[in-house]
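Next, two complexes with chain A in common: one pairs it with chain B, the other with chain C.
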Partner chain A sequence: MVVGKSVKRVDAIDKVTGRARYTDDLADKSALIVKICHSTIAHGMVKSIDTSAAENIPGVVKVITCFDVPNRPFPTAGHPWSTDPHHQDVADRMLLNRHVRYYGDEVAVVIGEDEVAAEQGVRALKVEYDELPFVLDVQEAMQDGAPQLHEEFKNNILDHTGYEVGNYEEAIQEPGLVKIEGWYNTPIVQHCHIENHICFAEEQFGKIVIVSSTQIPHIVRRICGQALGLPWGKVRLIKPYIGGGFGNKQDALYEPLCGYCCQQVGGRLVKLDVSREETFVSNRVRHAIRYHIITYARPDGRFVARRLEAFSNQGAYASHGHGVNAKGAGAFKQIYVDDKATKVDAYTVYTNLPAAGAMRAYGIPQVSFAIESSVEDAAKALGIDSLKLRQMNMMPVGYTDSFSKNVNYFDSLNQCIAKGKAYIDYERKHEEYAKQTGPIRRGVGMAIFWYNTAVWPIALEASSCRMVMNQDGSVQLEIGETEIGQGADTAFAQMVADTVGVPFDKVHVLTTQDTDVTPFGTGAYASRQTYVAGFAIHNIGTQLKNKVLKYAEYMTGKPAETLDMAEGVVFEKETQEQLMTIDELATSALYSLDQAEQFSAEGTTQIKTNAYSFGCGFVEVEVDIPMCKVKLLKMINVHDCGRLINPQLAEAQVHGGMSMAIGYGMGEQLLFDPKTGKPLNNNLLDYKLCTMMDHPDLKAEFVENFEPTSPFGTKALGEPPTCPGAPAIRNAILNATGVSVNQTPVTPHILFERFKEEGLL
Partner chain B sequence: MYDFSALYEATSVSHAVQLMQEHPDAVLIAGGSDVLIKLREGKLAGAELISIYKLDELREVTIDPDGALRIGPMTSFSHATKSPVLQQYMPVLGEAADTAGGPQLRNVGTVGGNICNGVTSADTASTEVAYDAVLEITGANGVRKLSIHDFYKGPGKVALEKGELLTAILIPKESYENCYGYYIKYAMRNAMDIATIGCSVNVVLSADKQTIQRARIAYGVAGPVPMRARTAEAALAGQPVGEGAIEIVGREVLNDVNPRTSWRASADFRKQIISETARRGLRAAIERAGGVF
Partner chain C sequence: MEKKLVKCNINGKDVETYVDVRASLTDMLRNDYRLTSVKKGCEVGECGACNVIIDGECFNSCIYLAVWAEGKRIRTLEGLLGPGGELSDIQQAFVDEAAVQCGFCTPGFIMTAVEILETGKEYTRDELRKLLSGHLCRCTGYENILNAVEKTMKQRLGKA
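== the complex of A and B ==
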């Protein structure tokens, strides 16, 4: 059995030797190059575009402007399509825009023989605008009279949802309650995957063939069909290896525009490769969400009622829209359970900023920062140990979510906390560090979270899978769930090996998804790949194995149900007698003069469950007050993501998430000029993504409670590692200095202001 | 793909001067870590380039007969760090060079380029300013020498005339003799970052290590160009080694600097860091010089 073992990644050799081919490696050198002209105002109407100078540049093939494109709005979010019009994503995108809604919006493209010609062409375009007032702040955008981005969404409110458990107004009347209130702000950040989004398109066989760096090939095929007005089958979308996505590529980015450019040059091959600067602004970002939390607690610490207001900055276009804020708002009532009442209002609001979409952990890093900060603040106000306060109020064992039917089967949170606090020596240090004086002080902090593995019952969860056996008994796996750098192919291969009963090295995962070939699946998002694919692989793998055993019955005369196969050997269950190898069986079957058969199985598997994933993070910091600097000394995440399919890959997944959390907590934020809406730091120098030199040793530990809903006992680990880091860092700084910072990232700039306010400087 | 119209490769200093005369609008490219970025951004699109990358004669660090350290401007940051001459006489320059960017940048970027681009945040510039470096500039009319203090004319502007080339950075013997320096780069990251404040401090102590004979302090990003903190230097001269000197420098440097508020940092925040880096830089330099607190 290989599930549970740290086998080597199936793509390791190809990736480290450079053999693995990515989109740009696959593009023929004859490709025409598309460069985009982005708006240089935050809001307004394009009055005119003078293309004459650009068209005269040698090597410029064609200029397409916002006045040329069809009036056919389309949605971009990488959600499964809904056949119910009320649940479909908002279609507010055009290929190019006359009404520009953020600084960096697409107004025209230049197609050139090469990059230099195309770029010269873009610089030669003369764009005239009628400027409109713009708004960047989420709450200002909701005011009457604020600049309006999309006329059908009054006060720029894309969506609002709310809920009330119990009766909040009644609950807070209880005598003797302590009220704790705070506003918490989270920043706009970008995914910063290594490979910028890139795609190329050409017409072949009466179709548009688009090769793209995407997480969701089947979904992007549908969106391209919608955007180009083509039957979906007329679009063939191919996804090779990709250099990360983290949710940015869970959206149709430039595939529709690239396909359109291809159509406009007679179906010739065109390539659209965006720069890092464009990626920061004109792809997707993580929603900045502002939270207002009021907690009413009894003096003993029990939460009686809590109130959450969440204002999510959507930016200029809907993309994933309200789903992100709604997910965080839904988590609020579950991670802590109030004795009497919980009341929540969540708004998602258009502003003249880059469009926000999916980003690793979909609203939970934001809400975790707010919730875990508010709990720490509550503990301080109540004079209660914050860890005890959490344990008193957090989701109890046996808790069942009425909507998703998720169950908290085990005491996962306490088990995770126990491991984390032991590693940091949290309780002793937390008490000791609170009493420090002097310029350099240490602190410890922590945070907890829960995370949903997949998206059931909000959306479709189905996985299609095909397995085909070769003459030597090896197996090809094709599946709609995608490898995006996280190691999915390896986990899938392990599950196939154990399910079918063949050795690990006999499993070949066809990593390239091609919508004309690969069975339908909705791709890499949520933290669902291993969980969802697990059902499909178990189902289809079992079917394949049964066909093999049926053939063994034909060969041996022994009933199939008395036989089994493991590690590539067919044996009799009762006697354990080895009958033949899969190599022998498969060769015999394929070349049999009597009954030739290639074994294959395929189909779609329905997944109608979901699973709570849990965890916590602990950090130790050293704060240099005169320098306004924080140094991370130690950091640990502990996860219960069920049984580990591949412990080493799981650990790497956690390390990556922790690294993102360090950036979220201490350095990363996209900044915009308040006077113009222009992005200020859309490059990797000025955007402070942390480097290896900014990391402490990262520790990842696990609690392995077998998830009962999964055939492999697994659940979410892709996104959860990003959740606890930022609030844990913020809480450690509070422990060290007594200074609370209610916004992330906690940069030296913010610490300087706060230390001055609190008299430390 | 970079948008440039021609590349001329100089084979000697005189050839470089000749090429600059023949192509007066051409841009000089050394390591390329600034020029290529500007080309990519379209700022120098279509430019002609004159490469001096192959001028190994400008890549050495040696000692002149008068004792001055002669640093070839084509010396890369990483070679500056590893130079035995600098390690012996002026290790602070190599340490400052080692804070620039990341390993790849330090292998191509040059110490000459670091000052010729005229930016205030250049990691090696403040140390050269703090050591009263003298620049040797070669043009069609021969060689001239200029104090680094007269070299900076404003952000991005230096005193190189058309057809002129920096051919040496000279550190006078009186600057480095018995002198111990320390550089603090204050940035938002521990690598691959640009300085929010760069502070280079050096001291000469009395023979008994009890008194500060001379202190020099220079900053990057405390003003539009790298600059000295002369009020603070004057206040330190003759002060006994001790906490008092630290208090003096932390206070007095604020009389010398003029940081501005930008989206990168507020002036008040920069002043806090200017003061604190002076305190820490002075303490470290004194300790290196053998002073004991």
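== the complex of A and C ==
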């Protein structure tokens, strides 16, 4: 059996030799180049665009402006489509915009014979605007009289959800309660996959064929169809290897525009390659969310009632919209369970900033920062150990969510905490460090989280795959779920090997999804793939194996149900007698003059369950108070993502999430000029992505409680590693200095202000 | 468009081609020689994905003009394989240590690792962090990349 073993990635050799081909590597050199003209104001109407100078530049093939494109709004979020109009994504996008809503909005494109001509063309465009007032702050945007971005959304409120468990107002009347209140702010950050988004398109076979760096080929096919007014089957979307996505590419970015440009030049090959500076602003970002949390606790620490208000900055367009904030709002009542009442209001609000979309862990890093900070603050106010406070109030074993029906089967949180605190020596240090004086102090901090696997029952969960056996008994897997760097293809190959009963090296996963060939699957998001594809692979793999065993019955005369296959050998179950290899059987079957057969199986498997994934993070920091600098000394994440399909790759996945969390906690934020809305640091020099020097050694550990609903015992791991780091760092700084910082990232600028306020400087 | 003949040695082979004088070395290697391991992540020398070795020293080829390559010896990832297609030790270490995820930063990282390893020096883990810090990676948290480089360094020095 190969599930559970640290086999090497199936794509590793291609990736260390340069043979793995990404979108740009596949684009023919003859492609025309599309460059985008972005707005240089935050809000207004395009009055006119003078294209004459651009059109006269040698090599400029065509200029298309916002006055040329069809009036056909479309949604961009990479969600499964809903056939119920009430559950469909908001269609507020146009290919190019006359009403520009953020600094960087698309107003025109120039198609050139080469990059230089296209760039020169963009610079030669003369765009005139009627400027409108703009708003960047989420709560200001909700005020009466604030600039309106989309007519149909009053006060810019894209959506609001609220819920109340119990009766909050009544619950807080209980005598003797301690009230703890705080506001917590999270920043706009960007995914920063190292390959920028890129796509190219050409008309072939009466279709538009688009090759794109996307996580979700089948979804992007649908969106391109909607945006271009084409039957969806007239769009063919091909996804090769991609250089990371992290949710940014879980959106239709520029595929619709690229397809449109292709149509406008008679179906010729066009390539739309986005610069790093454009990627930061004109793709998607993580929602900045502002939280207000009030906790009422008994003096012994039990939470009686809590209140959450969440204001999510959507930016200019809906993209994934309210789903991100709603996910965090839902987490609030689950990660901690109040004795009497929980009340939540969550708003998602348009502003004149880049559109926020999906980003790794979809609202949970944001809400985790707020919740885990508030719990630490509550512990301090109550004079109770914060770990004990968590353990007293966190989701108990047996908890079942009324909506998702997710069950907390195991004592995962406590098991994870036990491993994490042992590694850091948390309890001893937490007590010792709280008594420090002097300029250099150390601190330890921690945070817990839960994460849903997949999206059922909010949306569709289904996975389709096809398995085809070759003459030598090897198997191709074609599946709609995508490899985006996380190691999905390797995990799938392991599952196929065990299910069908062939050796791992006899499984070949077709890594390229082609919507005309690959069975339908919605792709990489929601940490769903290992869980969801697991059902599909188990189902289809079993069908394939049964066909093989049926043929073995024909060859041997022994009933199929008495036979089995493992590691490529067909054997009799009772006697364990080996009858033949799969090589022999498959060759005989394909070339049989009597009963020729190629074994294949395919189909869709729908998944109507979901699973809680849990974990925690612990860190140790050293704070230089006069310098306002924080050094990370130690960091560990502990996860219960069920059974590990591939422990080494799981560890690597956790390292990457921890790194992203360090950036979120200590350095990354996209800044905008409040006077103009112009981005200030949309490049990798001024936007402080972690380098190798910013990290201590990263430790990843696991608790393996096999998930009962999954055929392979697995559940979410892709996104969860990003959740606990930032609040753990913030809480460690609190332990070191006694100073709470209620916004992330905790930069020297913020610490300087806070240390001054608290009299440390 | 002005073009100029550039003669250089790429991965051990003398080659020449006419290039647009405005082209970067990244463009020349990718477009003229189809050495697509040389990746474009920022095109302004920030991310390290386009890193190649020129006369023994690493450069971000995106901010190195193609015409400057005249007379130079250039090495890319494609040049690391042995004559029978064998992986070099550092490539194998990236595979073994799970230092590869999306793979987009990998070629650039490996070429800097080659530069480090060819000094024949032993570095501490912190020194290696500094030497490798010109490369950005969003997938791995750098942990296994550092492990792969450190392990190969120790192997080459007979200390593994």
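The criterion applied here is as follows: the second predicted complex is superposed on the first by the 761 of 761 C-alpha atoms of A that agree within 3 Å, B and C clash if a C-alpha of one lies under 4 Å from a C-alpha of the other, contacts with A are read in each partner's own complex, and residues count from 1 in each chain.
Following the convention adopted for this analysis, a contact is a pair of C-beta atoms (placed from the backbone, for glycine too) under 8 Å apart; a residue touches a chain by one contact, two chains touch by 3 or more.
Computed from a prediction, not measured in an experiment: that's the story for all the values here.
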{"item": "Chain B versus chain C as contact partner of A:Val517, first or second or both or neither", "value": "neither"}
{"item": "Chain B versus chain C as contact partner of A:Cys628, first or second or both or neither", "value": "first"}
{"item": "Partner chain(s) touched by A:Lys15 [first = chain B, second = chain C, both, neither]", "value": "second"}
{"item": "Which superposed partner A:Val397 touches (first chain B, second chain C, both, neither)", "value": "neither"}
{"item": "Which of chain B and chain C A:Pro748 touches, first, second, both or neither", "value": "first"}
{"item": "Partner chain(s) touched by A:Leu680 [first = chain B, second = chain C, both, neither]", "value": "first"}
{"item": "Contacts of A:Ala596 with chain B and chain C, given as first, second, both or neither", "value": "neither"}
{"item": "First, second, both or neither for A:Phe246, with chain B first and chain C second", "value": "second"}
{"item": "In the superposition, chain B vs chain C on chain A residues touched", "value": "C"}
{"item": "First (chain B), second (chain C), both or neither touched by A:Met1", "value": "neither"}
{"item": "Shared chain A surface residues [contacts with chain B and with chain C]", "value": "116, 684-685, 690-693"}
{"item": "Chain B-facing residues of chain A, complex", "value": "114-116, 119-120, 123, 626-628, 667, 671, 673, 680-681, 684-686, 688, 690-694, 747-749, 752-753, 761"}
{"item": "Footprint of chain A on chain C - complex, ascending", "value": "22, 30-31, 35-37, 39-44, 46-47, 49, 76-78, 80-81, 87, 91-92, 94-96, 98-107, 110, 129-130, 132-146"}
{"item": "Residue ranges of chain B touching chain A (in the complex, touch as defined)", "value": "1-3, 42, 45, 102, 186, 188-194, 196, 263-266, 268-269, 272-273, 276"}
{"item": "Chain A to chain C touching residues, read off their complex", "value": "6, 8-9, 11-18, 20-22, 24-25, 29, 116, 191-196, 241-244, 246, 275-276, 484-487, 648-649, 651-653, 655-660, 683-685, 689-693, 695, 697-698"}
